[in-house]
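First, the structure itself, so that you have it in front of you.
When the chains are written out, they are named A, B, C and D in that same order, and each has its own residue count from 1.
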Amino acid sequence: MSEEILSIKNLTVDFGGVRAVNDVSLSLRKGEFIGLIGPNGAGKTTIFNLITNAFQPTSGEIIFKGQSILGKSPDQICRLGISRTFQNIRLFPQMTAYENVELGLHSTPRYSLAEAFIRTPRAARIEAETRKRAHELLEMVNLSQHANARASSLPYGLQRRLELARAMATSPELLLLDEPAAGMNEDECKELVQLIRQIHNTMGYTMIMIEHHMNVVMDLCRDSLIYVLNLGSLLAVGSPAEIQNNPDVIRAYLGERKNGRDNAHA
Amino acid sequence: MKRTTLSKWSGLIVALILLASSLLSGCQQEKVLKIGFITEQTGVDAYVGPASVPALQDRIDEINAKGGIGGYKLQLIVYDTRSEVTDAVAVTKRLIDQDKVVAIIGPSWSAAAIPIADIVDAAKVPAIATTASNVNVTVKEDGTLHPYMFRVCFIDPYQGYAQADFAYNKLGLRKAALLTDVASPYTVGLHQFFENHFKELGGEIVAKEGYTQGDTEFRAQLAKIKDSGADLLVMDAYTYKDVGLAAQQAEALGLDIQIMAGDGVFVPELLEMAGPQLEGAIVTTGVSEESPEFAEFNAAFEAKHGVKANIYTYYGLDALMAIEYAIGEAAKKGPVTPTAVRDALETMKDVQLFTSVVTMEPDTHNPHNKPLLIMTIKNGKWELLETFQPQ
Amino acid sequence: MELFIQQLVSGISIGAIYSLLAVGYALVYSVYNFTNWAFDAFMAFGAFIAFTSISSLFLPFWAAGAISIVLTIILAVSAEKLAYSPLRARKAPRLFMMISAMGVNLAIVNIINLIYGGTFRKFPVDALQPIFIGNVSIGRTDLVAGGISFVVLALLWAFLYRTRWGLGVRASSIDILTASLMGINNNGVAIVVFTLTGILSSVAGIFYGIKYAVYPMMGMVTIKAMIASIVGGLGSLPAAIVGSMILGILETMVSGYISSTYRDLFSFLFLIVILLFFPNGLMGKSVEEKL
Amino acid sequence: MGYLIAIVILCGINIVAALGVAILTGYTGLFTIGHAGFMALGGYMSAIMVKELNVPYPLALLIGGAFAGICSFIIGYPAFRSRLRGDYFAIATLGFSEAIRLLLNNTRGLGQSLQDSTSSFGQGASSLLIKLGGAFGYMNLPNVTNVWVVVVTVALAMFFAHMYVTSQYGKNSIAISQDEVAAEMMGVNLLKTKLISLFISAFYAGVAGGLLGFYFAYLSPSLFTITKSSDLLAAVVFGGIQSLIGPFITAFVLIGVPELLRTFAEWRLIIYGFLFVIVMIFRPQGLLGYVEMNFSFLGRWWNAIFRRKHTPSQKG
C-alpha cells in the first residue's frame, strides 16, 4: 500500500509510580484503518493523548509523516493533520451544532485580523466557503436538521456524530476515534459502522479506533489489523480472526477460566 | 434557543431615558438661594462628612429663622463625594447644572479641588475649598488665577515653611527624614516646601522614604530612617492612619524620634489610635477644637448630634459664613447671581468668620495671614504650644 | 549590619501573616481549583468580631479570639453553602465561581464598612513591649503572631496528614471525582475545608489587626498572599509558606535597600518573573488537566 | 439638562471600557479585575499625544488604545504562555493595575531623579514625567469629549466589537471560553487568540481612558482605582456572557442609576456583591447572555440598496 504515515517506536510513559504505557511500537500506512482494543486501563486513551501531545511521554518516538511531533503543541499537531474525538464528549456546550463543526474549519483563521474588523469581499468569500463546507460535513453525518440546536441539548448518539464531524472539519490525514460507539445500542452501532466505513472510503483518512464493542471493531477492521493492549504493553497484533482466537487476548479480556472452558466469544 | 433581536429591546432603552429625565425636573421656588456642599460621607475619608453636615444645616436654619439674608432664604444641598475624584466632579456638575446653586462649599482635598477649579471657572459658579491646601487649587501651574475658585485654609508653602522654621529655630533639630505618601498631592507639596525652607536654614534632609495610599507596613522605611540618624521625622500624611501606624511601628522598632505632621492628621481619631506612642509629637493646624472659644460650640454640637466636631466642621462653617457675607454684599447691589457672589468673595476684607477674621487675597484667592497653631500631644490630649504668624 | 537583621526580622514577621492567608488560599485552590476571592471578607470579619467582643463586650483576648474563630467558620461555611456549592454541583466554569466569590467579598466587606465606618481602629489589646537584641528590635506581638501562626499551620498539617478527615481532604484535592467515588462525602469535605479557611482567616485577621489596625479594607493584603501562593507553587501548602516568607523578606529588603516607594511594583514584577520562568511556582508540581 | 448629558457621557465612556471587558471576560472567559490599569495607560498616552505633540484628537485616542494594548502583553504573555488557569491571569491583572497606579503617582519623583541625566533623551523624559504631575494629576487637557464624540465612539466600538466576535478570531475565543482543551485539540492557538482578545480589550479600555481624560480635562491616578475595575466587571457579569448588547444596557443602568439615586450610595457595592452571587447561581448568562445583536435587518437594507449578494450568516 502507500508509504508509512505514522510510526510509534517504544513509547513509554510513567505517571508517578504507575507505568501507563510500556514500550509500545506501532506503524500505520496511509489510508489504513486499525483497531486498538484492550481491557479498561490498558493505556489506550493514554496513547491517543500522547499522539495529540496532551502530555509528554517518558521515552520513545512518535513520527508523523517523517517528522517527530514530540515537542509540538496540540494545536500544531492538529494543523499537521491529526484530529480526534474524545472518550467523554467534549463539544462546546453553548454553541450550536453548526458552530461546533465550523470551529474545526476556522480554528486557524484564514483571513487576517484586520479583515475580521472590516469584512473585505475576500473575507466574506472565505466565510461563505466555510459555511458551505460546514453544512456539507453536517450533511455527511446527517445532522443537517439539527444545525441550530445547541450541542448540549442533542441526544447522546447525535453528539457522538457531531464530534466526528468536528474532527473531520480540521481536514486531518490521521483521525483518532476514541470509543465512538460507547453507550450505543445494537442498531445505533450498525448505523455508526456504516457511517464510519463510508467516511473512511470517501475521505481516505488513516484511522485508529479505540472501541469496546467487539462487533463494531471486527466489522470495521475486517481487512486490516487490530492491536491489543493490556496493562500498557502490546499483547498481540493481527487480523480480527487471529485476535478472536488468540488465547492471551481471551485470557486478558475474560481473566482466568477456572473450569477451563475455552474460546468463549466475547 | 431562538436569538432575540435588538429592536425588541429598544423599547426598554427609550423608557429608561424618559424615566431618568422626569426624575430630575424639580420645581423652582422663587426667592431661595441654593448653596451646594460636597463632602465625604462614605469611602476612605468617611470621618469628614458626618461632623460638618449637621453644623452647616443648623447655621442655615438659624439664618432662615431670622428671615434669611437680603430677603433671600438659604437652602443647603449636600452630596457625598464617596472620597473619589470622579464622584466629586460628577456632583459638582450636578449642583451647577441641575440644582443651579449660587455657590459651592468643598471639596476638602486637593486631588478633587484641582479639576473642580476648571469646572467652576467654565460654569461661572464660585466654589470655596475647605481644607485643600495645594497651591494649584486656586492658581494654575502657569501662575494664572482660577477666577471662581477660593479656599478658607492656608496653603502648603505657608504650612511647610512654618514647620521647617519651628523645627530648626525652636526645636533646634538639624537632621530631618521625610516619609511621603506619594499618592497625595497634599503631602508631596508640603514636604517640598518643608525641604526648601529647612535647607535654607542650614538643616539637612538625611532620608527620603515613600509609601502609597493604603499601605500599612512602614517598618522597612522606619528602620532605614533609624539607621540614617535623623532627629526629626516629618510625616504630613493626608489621613491620620498613616501617622498612627508609623508611630506604633516606630515604637516597636525602638526608634525614638521627634515626629511632626500637618493639619491633615489633626483629628480626634489620631489620639484614640496612637495617643501614647505620639506623646510629644508636633502637629501644625489652622484651627483647633481644643482652643477655648470653641469649647461651648463643641459641647452643644456633640450634645445635639452625638458626633464630635473637628476641623472640617470649622472650615465648613468658615466657608458658609464667607458665602453669607458675599450674598449680603451682592443683594445690596442687585440680583444675587453666582458671579456677583464671586466678586464679593474676591473683595472680602477683615470679615469675622467662624475661626478668625479673614481677608481674601485678590490675586491668589487664599486667606491672607491666617494664623497657624503649633500643637503638641501631652498625655493623650492636644495642647497649644505656639501661634505662628508669618512675617 | 544591624539594619539588615532588622529588615530580615520584619520580613519574616510579615511573611508569617502572608503564610496564614496563603495556606488558606492554597487549601481551597488545591481542593476546588478556584481562587477564593472572599478571603478579604473572612479576614476582616474575623478581625472585627474579635475587636467588638473586646471593646464593647469587654471579653478577655482569648475569649474574643475563640468567638471570632467560631463565627468566621460559620461565615465561611455558609458562604460555601450559599455561593459556591450550587455552582460546583452544576460544574459551572471557574469564571462563574470566581465572580461569585468576588460577589461574596464585595458584599461582606461593604457591609462591615457600612456598620463600622471607614475609620482605622487600634486593636484594644495593650501593645507588648518589643525585645531588643543589641540594636535590633523584635516585636513581641510579632513573635506571638509568628508563634501562633506556626502552631496553627502545624495543627493543620497534623490534621491533614494524621486524621481520616485529613486524608479525605487530601484525596479530594487530587481528584474530587474519584474521591467521592471512594465514598468520601463531598459536602463533608467542603465543610472541613471551609472550617479550616475560617480558622486561618480569623487568626490572620486578628494578628493583622494587632500588628497594624482594624479597618474594613484590611483584606486588601490577601492579594499579596495570592502572589505568595503562586510564587511558592499554587495548590501545595508548604509551597505557600515558603512563597510567603520569600515575598515578605523580598518586600522588606526592597523597601529597605532599593526604594520603599516602589515596593509593590517589585512584588508585582516578581510575580511576572516567576510566571515567566517557573510557570508552576518554585516548588509547584505541574498540574495536567485530565482528558 | 447639562447634568443628563454628563451622565450620558459618563455612561458612554464606561460602555466603551465595558465592551472591552465583555470581549475578554464575556467572550474569552478570562476573568479580569484590573482593567482600570489599561484605562490609565490609554488615558495618559492620548493626553500626552494631544498636549505635548498636539496630535489630532481622534488619532491620539487610537494611539492611547494601541499603547494600552501593547502594554497588555506584559501580563498576557507570561500568564497565557505558562498554560495556567485563569486565576493567575486575574491576579496578574490586579497586580498590574495597582503597579500602574503606583508608577503614575510617582512621575514627579521619577522626573526629578532623571533631571541631572546628561543625555537629551533623559532630559526630555524627565521634563515630560514632571509635567505628568504624578499624584497632582495631569492638568488642563483640552476639554474635547462632548456627547457627540462619545456617541460616535460608542457606535464604532459596538460595530467593531460585533465584527470581531462574529469573525473567526472571535468564534475561536468563544470556543476557548467553553472548553479550552478541546479548542486546542481542534487547532485553536490558545496563546495567540487570548493575546488578541486581551489586546482588543486593553485597546478599548485605553480609548475609554482617553475619553475620560478629555472629558474631565484632567487625569490623575486616583481616577483609575479598583472600584472602577469592579464596576466594569459588574457591567459584564450582569449584562451577560457572550453578549455585547447586555453590557451596553447594564453599563448604562449601572452608571446612570447610582448617579440619580445618590442618597443610598453606600449600598451600591453591597447590592453589586449580592447580585454577583445571585446572577451566577440563578442566571449565569446574565441579563442578555448569548443574545447576539442581530444586524440581519442591516444586511437586508444593504442588499436592497446595493443589490449585492451579501447574505449575513443565518443566526436562527
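In the analysis below, a residue touches a chain if its C-beta (ideal position, glycine included) is under 8 Å from a C-beta of that chain, and two chains touch if they have at least 3 such contacts.
What you see is a predicted model; the values in this text were computed from it and never measured.
**Q** If every step must land on a chain the current one touches, say how few steps get you from chain A to chain B.
**A** When the steps are counted carefully, the minimum from chain A to chain B is 2.
**Q** Taking each chain's centre as the mean of its CA atoms, which one is farthest from the centre of chain D?
**A** Measuring from the centre of chain D, the most distant chain centre belongs to A.
**Q** Closest chain to the overall C-alpha centroid, by per-chain C-alpha centroid: which is it?
**A** So the chain nearest the centre of the shown protein is D.
**Q** Averaged over CA atoms, how far is the centre of chain B from the centre of chain D? Could you give it in whole Å?
**A** The answer is 33 Å.
**Q** As a quick test, compute the distance in whole Å between the mean CA positions of chain A and chain D.
**A** Distance between chain centres: 41 Å.
**Q** How many angstrom lie between the CA centroids of chain B and chain C, rounded to a whole number?
**A** Their C-alpha centroids are separated by 37 Å.
**Q** Would you please write down the residue numbers of chain D that are in contact with two or more other chains?
**A** 102, 106, 109, 178, 181, 266, 290, 316
**Q** Which positions in chain B are in touch with at least two other chains?
**A** 1, 42, 182, 210, 212, in rising order.
**Q** Where does chain A touch two or more other chains at once, residue-wise?
**A** Touching at least two other chains: 54, 86.
**Q** Mind pulling up the chain A residues that touch chain D in the complex?
**A** Touch list, chain A to chain D: 52, 54, 73-75, 78-79, 83-84, 86, 90-96, 99, 102-104, 106-111, 113, 116-119, 123-124, 127, 130-131, 148, 166-167, 169-170.
**Q** Okay, in this complex, where on chain C does chain D touch?
**A** 29, 33-35, 82-83, 86-87, 92-100, 102-111, 113-114, 223, 226-227, 230, 234, 261-262, 264-265, 267-269, 271-272, 275-276, 279-280, 289, 291
**Q** Touching residues of chain C toward chain B in the complex: what are they?
**A** 2-3, 6-7, 10, 14, 113, 117-122, 127, 130, 132, 135, 137, 139, 141-142, 212-213, 215, 217-218, 220-221, 251-256, 259-261, 263-264
**Q** Once bound in the complex, which stretches of chain D touch chain A?
**A** Residues of chain D touching chain A: 160, 163-164, 167-172, 174-175, 178-179, 181-190, 196, 242, 290, 310, 313, 316.
**Q** Mind pulling up the chain D residues that touch chain B in the complex?
**A** Residue positions touching the partner: 1-4, 6-7, 10, 101-102, 105-106, 108-109, 134-137, 139-140, 143, 216-218, 220-223, 225, 227-228, 245, 249, 252-253, 256, 259-260, 262, 265-266, 288, 290-297, 315-316.
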